[in-house]
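Below, chain A partners chain B and then partners chain C, in two separate complexes.
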Partner chain A sequence: MKLRQPLIYLGAVLISLFAISPFVWMVLTSMKPQSDIYSSPLSYFPTSLHTGGYTAMLNPHADDNVNFMKWFYNTVIVSLLTTVFSIVISALGGYSMSRFRYRGRMAIGYLILITQMLPGSLLIIPLYIIMKQYNLLNSHFGLVIAYSTVAIPFCTWMLKGYFDSVSSSIDEAAMVDGAGRWRTFASIIMPLTLPGLVVTAIFSFLTSWNEFLFAQTFLSDYGKWTLSVGIASFQGQYVVNWDYLMAGSVMTTLPIVIAFWALQKYLVSGMTAGAVK
Partner chain B sequence: MKPGVTPLIEQPSLWKREMKRLKDNRVGYLFIAPLVISVALVLLYPIGKAALMSFQYWLVTKPKNGHPFVGLDNYRELFASDYFYRSLGITFLYIIVTVAARYVLGLLTALLLNKNFKGRGLVRALVIIPWAVPEVVTCLVFILMYDYRYGVINDLLLKMKMISNPVAFLGDSHTALGAAMFVNIWKGFPFAAIMLLAGLQSIPKDLYEAATVDGAGIWRQFRSVTLPMLRPVSVVVFLLLVVWTIKDFGIVYVLTGGGPSRVTEILTIFIYKIGFKTFNFGVAAAGGMILLLISIVFTLIYLKATKAGETT
Partner chain C sequence: MIHTDNKANNYLWKKRAAGSAALLVIAGSALAGCSNADQKPAASADAGSSKSGEAITLTFETSLYAEAPHKKAIDALISKYNQLNPNVKITVHGADYENFWDKLTTEVIAGTQGDIVQVYPENISTYNSLVDGGAFVNLDPYIKGKDLEKKLVGQELSKIGDSYYAISNYAWGNTGIFYRKSLFKKAGIDPDSIKTLEDFKNAAVKLGVDTDGDGKLDQYGFASVVGSHPFVASEWYRLVARPVSGGIFFPDGESGPYKADRINVNSEANVWAAKWWQDFINNPRATPPGTRDKKVGREMFWNGQAAMNMDGPWFIGMTKERDPKLMDDLGLMPQPAIEYNGKTYKPNPHTNPSVAMISKKSKHPEEAWKFLEWMTSEEAQQMIAGSGMIPSNKNYVATDAYKKDNPLAVKFMDYLNNLYAPAVMDPPIPEQGTLSQIIINTAQDIFVGKKDPKASLDEAAAKMKEAFK
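Here is the complex of A and B:
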């Protein structure tokens, strides 16, 4: 046993390095002056602390079609609205699937599974036409509808698992005491599954925070863009300011990484609840 | 219940119970209704529309021509294109390599994290970072790191004498697909690791104790206890990865846009380009239907595999 310990540490160091080095490189580059980024031989660490990338990102410059703060704001709004919509609908649906035994329940289960397999690149063309018809192109509302609906099936499946873990005798007790189904659901079962609701909320928030294909296709006006589209747009330009780009990337990533760390315990149990039983 | 107290009064008649059940089920329908409606409107209706479009003439640039039905013309056009078959091949290669690599790397990481050592919590927190970094950001960082002149990967490989000249990883048609796969593997292995770790932790400890008593070595324990016990989780992880990778778009699109000379053009990018570069929505819809068909085949396999896991 003693002999194996160093091997475990070696493995731990290697896998950690593999996992974090691109992230570390991003943070380092965001703080380098351009002379460091384009130096030969390459300097791995900033020779002097450079905040130009961050200040450039925080101040909009309309002439370059860059408005990082606006994109950040757009992304927050879209992600929050998506989260609210999808949680409300998924919680109702998950509770219904967990507690009721009506006809068609199995069919809905299969429906949920099938939606997981729908490729975005197939959906995007008819959705584009439909959104155009209803004037939802280039609007955050249209994006929120699309994101919520894509997130809802998976969220419902996760929440059903959480509701299943709460004994239905609690429901029965509440209803014997005179509470209706709605009261039972809203004031007794929902609070009991709060951790599950948090995980699911985080999941749908992340999905819309990171989404690229729909946002890229539906939003044409750069003032409407989300962070993914905005940041990706830098790359197409013929002069790439890597310090700007990496500063923007750090600011896009940090909220998510912090959320992951804070909630990793719940996230892990939530993701694996369905698979490991 | 005490004997002598007649339960008959408390027991509602069959009829009443049945009515109550029906009424309660109505509430159940009410609760599930928003989900069914939204999925039907935003997912099923567009899929139906796409299926219809795949049999129609639908060139966005020529709206005057209308959208007459053209039978299987769109599919024929697709199957006549060499690039479609190439794209199909690239997609399968991309799926096989990245899924296998993410699974193996995830399993190794999970086995490691299942051991007791100081700093395990920290390693786990670091390992999930790739999962948390947004897709577009991941791609941009790798574009920088892969850079021909200023990329750190070229710098390191040159210093280690593994290459003698810098390589334009994303610009060279020999390396572009591999480079894109590497990014996918980096981003995706934490998911496999975390799922498999949960699977490992659900294996009862006494199985290992029994195996040790029987004189099984580490390798034997791994083969006869760990792998079989991990099978149900492995099946789920494996097929989720496959189905997700079929749908994969962002990573390759941002890294290479399908180039150079279309060597990284996976099916999703192929379809997207037909749709939004040539604006032939009919052919693009036909391509999308093929993609859906592939997904459905894998879904059926998935269902079968999970069912098999439940019964054994």
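Here is the complex of A and C:
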């Protein structure tokens, strides 16, 4: 019995190490010189510290072919706009599904959910045609709309769950005190579901931050690329810049890691908030 | 549970909701206006402004721009052309090489491809045929009977039927065998003595040595591709199969008529070539054990673990970038001739030129043509030489200045003119994508899975014939 606790810890440590090993490998490779990357037998640690990849990412004059800061800026703009759009629309939709009783309420809900069951590769051609018709190809706004179509259905259902977890007596109490429906929603219910909103916002942000297929198909201009498309370009026809690829991947991952770390208290409470009514 | 039977509240709610929705629409429209300001479909830029002197925008779509040396060359070309023609703005569109082709397919079908699209000759027919009536402009009026027809390497390959649909105005490169001079010297091998495929094999075996005396081989003769990379097929058929069989897909230099009953993949010569290559790459001294893609093979060459590597002129620039000191140790020899059934066959690697097409959707085909034609000028070809490939204008490559600055690259021109048989390229047919995938899968079966060459090639032939039904 005395051994049980240490064994559980050991198991947890081993599973954690396994989970973070790809990230550790990515960090190590990003600091290896080319000769280490291909060395045989395999070299786990850099024999000398190579920062060329990071220099190329951060210094726009280090390599003409790398526009990392521009891609980073584009990705931030697209991800933030997608998050704002998705949260505003999903919060209204989720609140409506949670609080109002109208004909076809659940049918609409399930219809929204069905869109989540279609793979991105199936949606891309119709979306491409729509984007073309509305002159939205090769534009960040078009990409925001495309990402929102993916994020909104899921976010709506997530937020419905969070709104359901807040007793409707609170709405009644607010309205007895003179608040209108909008005031009740914006000033009472929204703050109460903040952890849920944060989780939903992170989901929405991640959807667009990591997305590759839509970005690669809809954006043609190299200056408009997002990080995922830019980093993929380090795999050329004849050569792969592994140090660039890994340094770029580390730098793309870092903001997300920091965001998770900063928002972890909301995440823990937010993930369980909608679990029980 | 609240039911919305409070009329006053309902009224206020509806009013505010309507206000919020209006605000969202306005914000959305404003954002759309902001982020969409400079966005136009690739082929409809500045419609109606093609009169001389008026500003126009051309889009130049290429997979090469994602590669640093090509980006430098293309940026220089555009900048210079813009200096000469201030009214013409050229923007580059595209994606990385792996994803470029799927993206181009979507664009051509939707009619949103760039004004100019840069591809390889084997892609011309495939992409042109994606839409009824063709997606690209017939360039016969600009090229036929003109100097351009003769002075550009690969121009003869830029046809569909008898008509030109592309101009070979950028650069090209075929393949040769790069070797490490020091390793050859140490092994006592004279590179000039390697004339035939058997000479090549003997040299590769001799170069496989245990350099540190630990009883294990740590240097190999040739860094072949053994893996999922398409080169697993192309190294085999460029070096061995095509010279002896005349074509991996169709006989007589991959020539037409392109019909199912002319499929050549399982011909006696191709089966012999597959067996030869399978034996060669399974020889532990000739090639390293295990699987590897082209990138790993190149690294092994640079690290001194492999003495030979089959590559094109782009490898010169890559080696220089990897380590300028390696340049002193870099040698180049032509692909060997092949003795088969008592006859000697010359190598016939294809020249891989990058060619440019003009979209039928372009609002400015004349301006697009002017830019493409300017790219063949000496001034432009000099900039293209910086890409590491060999500029397509034969007259420019023949200049003393080019020869002096590019001694290794000039050797490729010499091989093309004097040692190699006429270049053979993939058939320019819409089915080519399917045929290429079949040959890659088959090469993986034979060279990675070590399956029987005859049975695998028979199976490939059946699948290829099926592709024509």
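Here is the rule we use: the second predicted complex is superposed on the first by the 237 of 277 C-alpha atoms of A that agree within 3 Å, B and C clash if a C-alpha of one lies under 4 Å from a C-alpha of the other, contacts with A are read in each partner's own complex, and residues count from 1 in each chain.
What we mean here is this: a residue touches a chain if its C-beta (ideal position, glycine included) is under 8 Å from a C-beta of that chain, and two chains touch if they have at least 3 such contacts.
Just so it is clear, the structure is predicted and the values come from calculations on it, not from any experiment.
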| item | value |
| --- | --- |
| Superposition on chain A - do chain B and chain C clash or fit | clash |
| First, second, both or neither for A:Ser121, with chain B first and chain C second | first |
| A:Ala173 touches, of chain B and chain C: first, second, both or neither? | neither |
| Contacts of A:Val257 with chain B and chain C, given as first, second, both or neither | first |
| Superposed model, chain A: greater residue contact from chain B or chain C | B |
| Partner chain in contact with A:Leu81 - chain B first, chain C second, else both or neither | second |
| Which of chain B and chain C A:Phe141 touches, first, second, both or neither | second |
| Partner chain in contact with A:Ile129 - chain B first, chain C second, else both or neither | both |
| First, second, both or neither for A:Arg181, with chain B first and chain C second | both |
| Which superposed partner A:Ser220 touches (first chain B, second chain C, both, neither) | second |
| Colliding region between chain C and chain B, picked from 39-47, 57-65 or 111-119 after the shared-chain fit | 57-65 |
| Footprint overlap on chain A, where chain B in one structure and chain C in the other make contact | 37-38, 40, 88-89, 92, 99-101, 124-125, 129, 181-182, 217, 232, 234-235 |
| Of all residues in chain A, those that touch chain B in their complex | 5, 8-9, 11-12, 15-16, 18-20, 22-23, 25-26, 29, 37-38, 40-42, 44, 88-90, 92-93, 95-97, 99-102, 108, 111-127, 129-130, 145-146, 148-150, 152-153, 156, 181-182, 185, 209-210, 212-213, 217, 227-228, 231-232, 234-235, 242, 245-246, 249, 252-253, 256-257, 259-261, 264, 268-269, 271-272, 274-276 |
| Residues of chain C touching chain A in the complex | 1-4, 6, 9-10, 12-13, 16-17, 20, 24, 31-32, 34-36, 39-42, 59, 61, 63-68, 71-72, 75, 91-99, 103, 106-107, 110, 112, 114, 294-296, 298-300, 303, 305, 314-315, 318, 322 |
| Footprint of chain C on chain A - complex, ascending | 34-35, 37-40, 63-65, 81, 88-89, 92, 99-101, 124-125, 128-129, 132, 135-142, 144, 168, 171-172, 175, 180-182, 216-217, 220-222, 229, 232-240 |
| Partner chain A, residues of chain B touching it in the complex | 24-25, 27-29, 31-32, 34-36, 38-39, 41-43, 45-47, 49-50, 53, 108-109, 112, 115, 117, 119-120, 122-145, 149-150, 152, 155, 186, 190-191, 194-195, 197-199, 202, 232-233, 236-237, 243, 246-247, 249-250, 253-254, 267-269, 271-272, 275-276, 281, 284-285, 288-289, 291-292, 295-296, 298-299, 303 |
